[in-house]
Structures are given as structure tokens and as C-alpha cells.
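So, here come the structures, one by one.
What follows is chain A paired twice: with chain B in the first complex and chain C in the second.
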Partner chain A sequence: MTISARSAKPFLLIAPAAVLLGVFLVLPYINIGIMSFRNPGNGSPYAPGFTTGNYLRLFSDSFYLVQVGNTLMIGAITTLACLVLGFPVAWQLARSQMRFRGLAYGLVLSPLLVGIVIRSYGWTILLGNNGMINRTLINMGLIDRPLALMYNSLGIVIALVHVFLPFMILPLMSAIQGIDPSIEAAARSLGAGRVTAFRRIVLPLAMPGIQAGCILVFVLSLSAYVTPSLIGGLRVKTMAVSVVDALIDTFQWPFGSAMALLLSLTGALVVLIFARLTRMKWKAN
Partner chain B sequence: MTEVSIEGLTKDYGSSLAVNGISVKIADGEFISLLGPSGCGKTTTLKMIAGFEEATAGAIRFDGQDVVNVPAEKRDIGMVFQNYALFPHMTVAQNLAFGLEMRRVSRSDIATRTARVLEMVQLSGYADRYPRQLSGGQQQRVALARALVIEPRILLLDEPLANLDAKLREEMRVFIRDLQKRVGITTVYVTHDQAEAMTMSDRVVVMFGGRIAQHGAPADIYERPVTREVAQFVGQVNILEGRVVSAAADDRMAVETVLGQFAVRGIPAAASGTVTLALRPEAVELAGPGTDGTQATVSASYYSGSLVDYRLTLDNGQTINVQTFPRNRWSAGDRVTIKVDGDRFWPLGASA
Partner chain C sequence: MSKPLLTGYCLIIYAFLLLPILVVVGASFNAGAFLTFPPQGLSFRWYVVFFNNDVFMRAIRTSLWVAAVSTIISGVIGTMAAMFYIQHSGRWKESVRLAMLLPLLLPEVLTAISLLFFVYSIGIGTKTIAAMIIGHVLITLPFVFINVSAAMESYDPSWSLAARSLGAGPFTRFRRIMLPLIKPGVIGGCLFAFIISFDIFTISFMLKNIGTATLPIQLYDYLRTNFTPEAAAVSTVSIVLTLAVVIISEKVLGLRIHRF
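Now for the complex of A and B:
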């Protein structure tokens, strides 16, 4: 094989994926970018000519900036909750030789087996004012009035955590499986208690999994649409819901595009900062 | 320094008895090996000494103090693991500092002690490397340094050389042994490699099926094995049946074997009937055919440089393995004469 043929091989291997991404991700993004600078239309999605007005409107209206903040907050809390809830599960799945490991693994994946619309409706049945949780609590005499579990950020976070937990657990599990148990034993033999061994040894070594899981869940939370729109209703809107409103309900394609880009860019920025902060020097070459 | 005393130590996993009431005393500064095939309980014993496994019964005393209920991190042991178990996210210096930090040693003392131990294991220039940037042998020495820098009461090594290539393994044997003598630390070494156990240890504890089959100096184990199992595990051996004929001089008994009649040591005076004898391959000497001794035919020879191994077939069909220096060479089909000194036979008890 000639040298040039050999060096072409890696490109051939990534070509199918690259073409797919190019056609269905990069081109649409360019299109959205152009659209975000178009003039708003009157009776049509957009009008001829270009403007920066869409962005000016976005940045001058605190309503939208608060919404960006809320969306990021919901994403961050969902991510943190998935991490805290998912770590012990991932640990157990990775380390124990329990008998029902296969079953437990299936249970972890089970949220992904139900369609997202059905699952979100399921949560409305549980969380609503007349829902199962409030009913039960009232019947037990623990509360007088229903707790506000729906049409707020809390409800959205609860439902999102349920959906995205597998995306946290799976990378965590593979990271933990990669940590040799004798490394922990070594830390213990050197005088570290369980807590110290966890903090100084296990946690840093699980960091690649924590990083991957957090980024996945965070990005998925930002872009989630069905769950926030069903659980948040008209009262709490995330950016993704507002983007869809603008594009489909009020037919403001340029403004919707500007919002969509703002959402993507702030999300990317947060991920970048997070990756930077959790950078692992020992992993670099 | 520390004297270790193990009494009736037992580990019951419910489905199996991994360690079955073993007792052994390890003197201050002594290097002992736990030797045995996999599943004999040697690693479980080590883990119980380290505190990673709970003992079902029995006592482990460090200088008379029972540590069975002391957690691993409070036992003050240094442990070297088979796969080194270095912290991959820490540099060599940070790996060494970890145990000292746990002991709240001051920053400046950590620096001096780390530097001193790194020099001891000949890795002075490597303090800022990460483990993955080191070769297997270097990682091994870092693991050793990390265990020693805390100046533990006892050093425990779990098959530390198993992952190294043959040449490096032999170098490390000498290295570890020398270091251990210099530091003077009580050491327990687990291995399934009899050559490793014999060259390194003051005393070898041979384990089978969770019990101690024999313990003693390497030469005791090799030359005076108590059972056929021990004899076969510790090196090559010919097992011969013999018939006690009569008492001979100097507490010896005259025994009739396929190789002739010999005056054999170690047989109780009351013994009669048949005895099982061990004969090491290198205890046999070969001479040209027709000389005084038992005649045999060479059926195979294996040349390994410093030594030659022969498989011989006696005229009655029995096989004898012989190891000699390659001074005289025979090849398959040659007739040879077998010469043995009666003192080289050793009687074996029945296997436990």
C-alpha cells in the first residue's frame, strides 16, 4: 500500500459519519444562522433583507434572558441530581456480583424503553394537583392542600432526571469498572479510611465517566422539549419550548432561530467551561 | 520492628473453607513466603493479615497485640500488589507522598523521605512521572517504594513479580531481598513460584487446601519434604517405592529399590514393609554403560544451557528423571549407568 493510500484510510473510516453530520447538522446550523439575521415577516415566516434586530430583541428583553438562565439552571440541577442518584447505582452495578445484576441493568435502561410522550404523560398523572402523589398525601392526612409538583421547574427536573438517569449511569459504570479494586485497597493499606480513599482515589479516577455523564445529561436537558412542555405547561417555559413556540405557533422563524442559536451557544460554553475545570492532567499524553 | 503470630486463622466463605486453621510465627525482620498452588489459601491469608478480609476465626498478633478487629488503614502495613495498584492519576512522588499525608507528616519531611526511598529503589529521576510513563519493572519499584516510605510494621507482597518477564523477575528477586535485609522489615511474601520462594525467603510455608503442609528453611522443604505433594510442588522429583530390609548403621535403614539397595536416612526404626522415597533429579549421576550401578536407556534429553534434563527408562520399564551438568552428553537411545548416593533419598509420609 502506498503512503498516501494508507493515510487516506482513517478519512475513509470517518467519512460516512462525517457526511451524515455535515448534511444533517452543519448545513441546518448554517441555515439557522442565516435565518437568525433575516427580517421578521408579516404574515409569512420571514421577510427579505437582513437585520441584527432579532438578537437586539433577545438581549434587551429580560424575559428571554431569565428564560436562558432558568433553562441552564434546570439543566444544571437535573445533571447534579442524576450524578448524585446515579453514582451509587453505577457503583453497585460495576462492583457487586449480585445475583440479579442483569435485571438491575435492565431496570436502569428501562426509562429508555418507553416513548417520551407516554412517559411524560405518566408523570403528569403522578405529579398533578389531583395526581397520585398529592392524593395519597392528602388521604394520609399529611398535607391539606396539594403540593405544587407540576407547572414548575421542580416537576420538570423530576421528570428529566427520570429520563436521563441512564445516560449518567452508563458512562459512570464503565469508568468505575475501569478502576482496579486493588487501587482502593492500596489506599486503605496506606492509611486512608473509606471516605478519604473515595475522595482522593475513586472520585478522581471516575472523573472521565463523571465528565461524560454530566455533559450528556446537561446537553440533553437543555434541548429537551416534550417533557418540559407537558410538565411545565404554559407557566414554566424552557428555551427549547420557546424556540418551538416561535417557529411553529407564532411563525417567527428569524427570532426563533436567534433563540435556538443562543441556547446552543450558551450550552456549548457551559460544557466547555465544565470540561476545562474537570480536565485530567494524568490522562493527557 | 514487628513479630507476627498467626494462631488458628480460618476463613470460611460458607461454600468453601479457604483457610483452615493455620498457625505460624514470623520473627522480627524475617522474610517468609507463603507458597502453594492457586486456591491454596495463601492470598486469603495475606489479605487477612492486611485487613482486607475478615478472619472467620483465629488470631493475628502484631507484637502480641491481636489486630483482627483493627481496620486495614490502622494496621500500619505496607503492601505491594500483583498489578502494583499505583494511583494512575498521581505522579510517582504523589504516590509515595499519599501514605505520609495520611500520617500527617510535614511537607518538608515528606519531601526528604520520598527522595530517600526513591533513591533506595534507584528511581531518583522519576519523581514527576506518571505511572503509565514507567516500565513494568519501574512501576514495581515504585509500588515497593510506596509501601516502604511509610516505614510500616510489616511488608506484605502479593505475587509482585508475576507480571514481569523472566530476566527482570530474577533481578527483582535479588533486589527485593537485598532491600528487605537492609531495611530489616518483617516480610510476608505470597507466591506460587517455588524458585522465587526458595531464593528469597528465610522460611517457606507450603500451603495446600487451606492448610500448612510444611514450613521450614528452603533447604528443609526441598531436601526433606514431608509429603509427596510438597515434594512434587517444590521442584522436580522422582517418587520410588522401596521395601525396608533391615536396620543399617547410623540410624539408617536398608531399603531395596529398583535402583538397588541403599541405606536411607529418616525412616523410623520401627518401620517395616514399603516406604515411598523422593529422589531429586540432580541427585542422580550418570556414567557410561556397563559400570557399577543400575542400567538404563536414555529416552529423551532436554538441553537448557547450564543443565541437561534426561528422561531415562529402566530395564523394567520405569521412568527416572535426571538432571546433570552438560559435561558428558547422551542422546536418546544411549545406554547409561545410574549412580545414586543413599543419602539423597528421603522418605515421604502419606499425603494429608
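Now for the complex of A and C:
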């Protein structure tokens, strides 16, 4: 028997955290669910009574549906780009015994220590019409007019990939670390080519890490606010930017709640489908 | 991929990860009035402008203050929760862990909006800084919890039992036996909580009270209308502050911070 079983009131230890999470996380989420069915107010944030009008307005207005579509697309491309770009790096970090492994690991983590506003600001300096990339290309005589790198989805994706790449590399790395290299060696010795060994052995075994990384990056990109707002400007708005702007500028609480929930639920649905599909493939192999 | 090719590829990715940060630091020394490239000479003029800019200096003080208060609250609550999780949670262990990580798993923007409506519904509103601090505590709590519970995994409950048999009360047992042993986890978690709170944007942006701005909010507002290198100077100082915290904790105190 441990000391814990006999000590007076262990639940007092968890009580502050439970109260904090219950009151300031669970209740607000219930509240926003109710809020999304409130009547829009006139002069006040909302009026008494309930309605499904907020959701109907979202589903009947193609402007918002296109925006949801764009946001999901930006999230999906960002996730895919992070996976493709990050996998080799995760592989090297997990497998090689190079001298600078600690330094490389630090390099992957270091962007996480710099605030998101600053990192997005760095991309505005790089991508702008008069930014570093365009200036350099023009000075080198490679292009005449600046390339459109900012105020569009391309710029948002580039910056989001940068911001979320570490969140992909870390779970991939720990998944690859768990794969015994001798399994691959065995497959190779039985005649499997490099590609086959990778596809049939490494990929299925790394699947939990791929899944975790993809879900993390996808969810984070859907709810990103600062990066799309600074890079996209007024021209390209993702759903998260619209929601926050609608709430800050116009105080349409019920409609804003419905928008925020629609985005989150669609995101959750995509994540569920993705988890389902990847697990099925994994089992089939 | 062959080995040199893989190494070359990885170097490109590392450069990509560092690029925007280096660009900001470089831009802060630009002598020109605008962010032009190539820079018009080197100068510290934008640092002088920044240090004389009351708005930014106030924002730094607010950020440090909010981060300190949030870290202390999260540090205490998170450490207590980690003690419960490791020693008492029994068959609820997985549920407790999931609940404690919840603020990390939910989209920050939705948490921010929900909390904004909620503080208005219960009458606190955003007239004081309390709402913002609650938000920061919520977001930083998981980081303290992860670090402290990782440190406690290796703590043997029989040490507390031994102290108890020698007549130590619960508080003495915690202060004299457990705390010294889990201290690296507590300090590491708190330092990371501090950095997160110092850098966090969306929660602060939604829950700020009028007239108060943290450094990221002030910087964001500034960037929407201004293009001078002053913002780069502000960012560089912020990066240096964070780096100092990390280097002191990892090199001087010899800590390893668990980020996930």
C-alpha cells in the first residue's frame, strides 16, 4: 500500500485544476454552443429566444461556404507540404548518429520559441512585392515584375508550413525512432527493393507518427489567426480571420459562434475521416 | 536518398526554418526609414526609437507581468495536478492526462472566443486584466503538467513513506523530500509556461481589456499600419529575451525542458 491510499484528501490536489478547466474551459464551450442558436441582437450582442437562423445563414450564403472550402484547402495543402518536407528531416534526426544531432534538434525546435507574430512578420519582409525575394530576383534580372507571393493563398501556405513544420517533424521523429532498422534490413535481404521496403515496412510502422503529425498540423492551420491575417491581408481571408474580425468589429455573437463552431466541427470531421482511412490502410498492409 | 543528398536537403530545411527569424533580426539594423532591401547601411537608430517609444515599453512590461502572474498560478495548479496524476489517479490516469492536455488539443481561437463570451456572461467582462490571465493560465497549464509529471515518474513514493515514518507532516514531506527531487521539472515547466505566455497572441487579443496591450498585440497592431524597421527592433529584443531564458535554463541550470 502506498502512502497515497492513506493520505487524507488526495482529490484536493486535483481540485484547483478541475475547477479551472471545468469553469473556464468546459462551461465556455457549452455556452458558445448555446450562443450559436441565439437570436441576433440589435445594439446588444444577442437577443432572447432561440433560432437555427445563424446556421441557415451560413449554409445558404455561398460566400461563407467558399471560405470554409478555402480554409480546409489551405489546411490540407499545408499539412501535406509539412509531411513531405518534414519526413526526410525526421528520418535523419531519428536514424543518423551524426555529431551535430543535438544542434539539428535544437534548430527544429528553435522556431517554436519565437512568437507567431514575429515569424509571420519575417515572412511579410520576405514575400512582399518589395520584399527580399522579389527584390533579389529583380536585381538579378530574373524577373521584370514582382511575383505575387503575398496577399494570396500561396503566401499563407508558405508561412503556415514554416510555422507548423516542427509540429510535424517531432511526432514523425519519435515514430521512426521506434522502428527497428533490422526489420528493413530483413526485408531488403529477402529481395525487397528500397522503395518496396519503404512502402511496405517503414511507412506502415511510421503511421502513428504520420497520423499524429498530420492531425496536429491540420487543426493548428485551421485555427491559425495571425499568419493568415498578416500575410493574406484584406484580400484573402480564412475562416478563423473572418470569425475574429466579425466578433471584434461587429459584435455579432450568435452568428460568430455558429461560424466558429462550423469551422471546428468540419475540421474535426476531416480529422476523423483521415484517422479512419489511414488506420484502414495500415491494417490492410 | 543517398547520405550526402539527405544531409544537403536537411540543411535547406533548417535554413528555411531559421530564415524569417534571421531576416527580422537583420532588418532591425537597417538604417533606412523603410524596410528596403538591400539595407541602406547599418545603424542602431531603430533601437533608440523603440526604447524611447512609451507604447512598446509599456507593452513589454505588461507582457512580462502577465507572463509572471500566469506562470505562478499555472505552476502551482499544474504541479498539484501532476502529483495527483502520478500518485493518486489510479484507473482514471488516462482520463486525467487527457483532461489536463485539453487546452492544447482544442483550437486556440475557439477557446479564446468561448472564453470571451463566457466572461461577459458571468459579468467579469474584460474591464480588468483577469480574463486575459485566466486565458494564459489555461493555455500554459498543460506545459507545467507535462514537465512536472515527467519529472515525477522517477519519484519513488517510498521516500515519502520513509519521511512520514520519521514524523514528517504532509507539507514538510512535500517541501523537504519531493520538491527538491522534482525541482528540475517544476522549473522547466514554469520557464516554458513563461515563454508561451510571453509569446501568445490569439487569447490575449480576444481577452485584452481596453487600453492594455501585450507585446505581441502591440506589434501586430503596429504591423497592420506601419512599415518602419522599428517593429524589427522590437521583435529582436523579444527574441533575445526568450533566448536568454532558454540558455540560462539549459546551460546554467542544466535543465532539459520537455516541450511535448
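The working rule: the second predicted complex is superposed on the first by the 254 of 285 C-alpha atoms of A that agree within 3 Å, B and C clash if a C-alpha of one lies under 4 Å from a C-alpha of the other, contacts with A are read in each partner's own complex, and residues count from 1 in each chain.
Note that in this section a residue touches a chain if its C-beta (ideal position, glycine included) is under 8 Å from a C-beta of that chain, and two chains touch if they have at least 3 such contacts.
Since the structure is predicted, the reported quantities are computational estimates derived from the model, not experimental observations.
Peer 1: Which term applies to chain B and chain C once both are placed on chain A by superposition, clash or fit?
Peer 2: With chain A as the common anchor, chain B and chain C both fit in the superposed model.
Peer 1: In the overlaid three-chain picture, which partner chain does A:M140 touch, first (chain B) or second (chain C), both, or neither?
Peer 2: Neither chain B nor chain C is touched by A:M140.
Peer 1: Quick check for you: in the superposed arrangement, does A:A240 touch first (chain B), second (chain C), both or neither?
Peer 2: Only chain C; A:A240 stays clear of chain B.
Peer 1: In the superposed arrangement, does A:L20 touch chain B (first), chain C (second), both or neither?
Peer 2: second
Peer 1: So, A:V195: does it touch chain B (first), chain C (second), both, or neither?
Peer 2: After superposition on chain A, A:V195 lies in contact with neither partner.
Peer 1: Applying the document's definition of touch, where does A:I183 land relative to chain B and chain C: first, second, both, or neither?
Peer 2: Touch status of A:I183: first partner only.
Peer 1: For the overlay on chain A, what angle lies at chain A between chain B and chain C, C-alpha centres, nearest 10°?
Peer 2: The angle comes out at 90 degrees.
Peer 1: Between chain B (first) and chain C (second), which does A:L277 come into contact with in this model arrangement: first, second, both, or neither?
Peer 2: neither
Peer 1: State whether chain B or chain C is in contact with more residues of chain A in the superposed arrangement.
Peer 2: Looking at chain A, the partner in contact with more of its residues is C.
Peer 1: Kindly classify A:L230 by the partners it touches after superposition: chain B alone (first), chain C alone (second), both, or neither?
Peer 2: second
Peer 1: Please state the minimum Cα-Cα separation between chain B and chain C in the superposed model, rounded to the nearest whole Å.
Peer 2: It comes out at 15 Å between the closest C-alpha atoms.
Peer 1: Which residues form the common part of the chain A surface touched by chain B and by chain C?
Peer 2: The overlap between the chain B and chain C interfaces on chain A is empty, containing no residue.
Peer 1: Which residues of chain B touch chain A in the complex?
Peer 2: Interface residues on the chain B side: 50-52, 71-79, 81-83, 85-90, 98-99, 102-103, 130, 146-147, 150, 156.
Peer 1: Give the list of chain C residues in touch with chain A in this complex.
Peer 2: Residues 1, 6-7, 9-10, 13-14, 16-21, 23-24, 27, 35-38, 76-78, 80-81, 83-85, 87-89, 96, 99-100, 102-103, 106-111, 113-118, 120-121, 134, 137-138, 141, 145, 157, 160-161, 164, 170, 195, 198-202, 205-206, 215-216, 219-220, 223-224, 231-232, 235, 238-239, 242-243, 246, 259-260.
Peer 1: Chain B touches which residues of chain A in the complex?
Peer 2: Going by the criterion above, the answer is residues 180, 182-183, 185-193, 196, 200-201, 204-205, 280, 282.
Peer 1: Okay, in this complex, where on chain A does chain C touch?
Peer 2: Touching chain C from chain A are residues 2-4, 7-8, 10-11, 13-14, 16-18, 20-21, 24-25, 27-29, 31-32, 35, 45, 85-86, 88-89, 91-92, 98, 104, 107-119, 121-126, 130-132, 135-136, 159, 162, 165-166, 170, 219-220, 222-226, 230, 240, 243-244, 247-248, 253, 256-257, 260-261, 264, 267.
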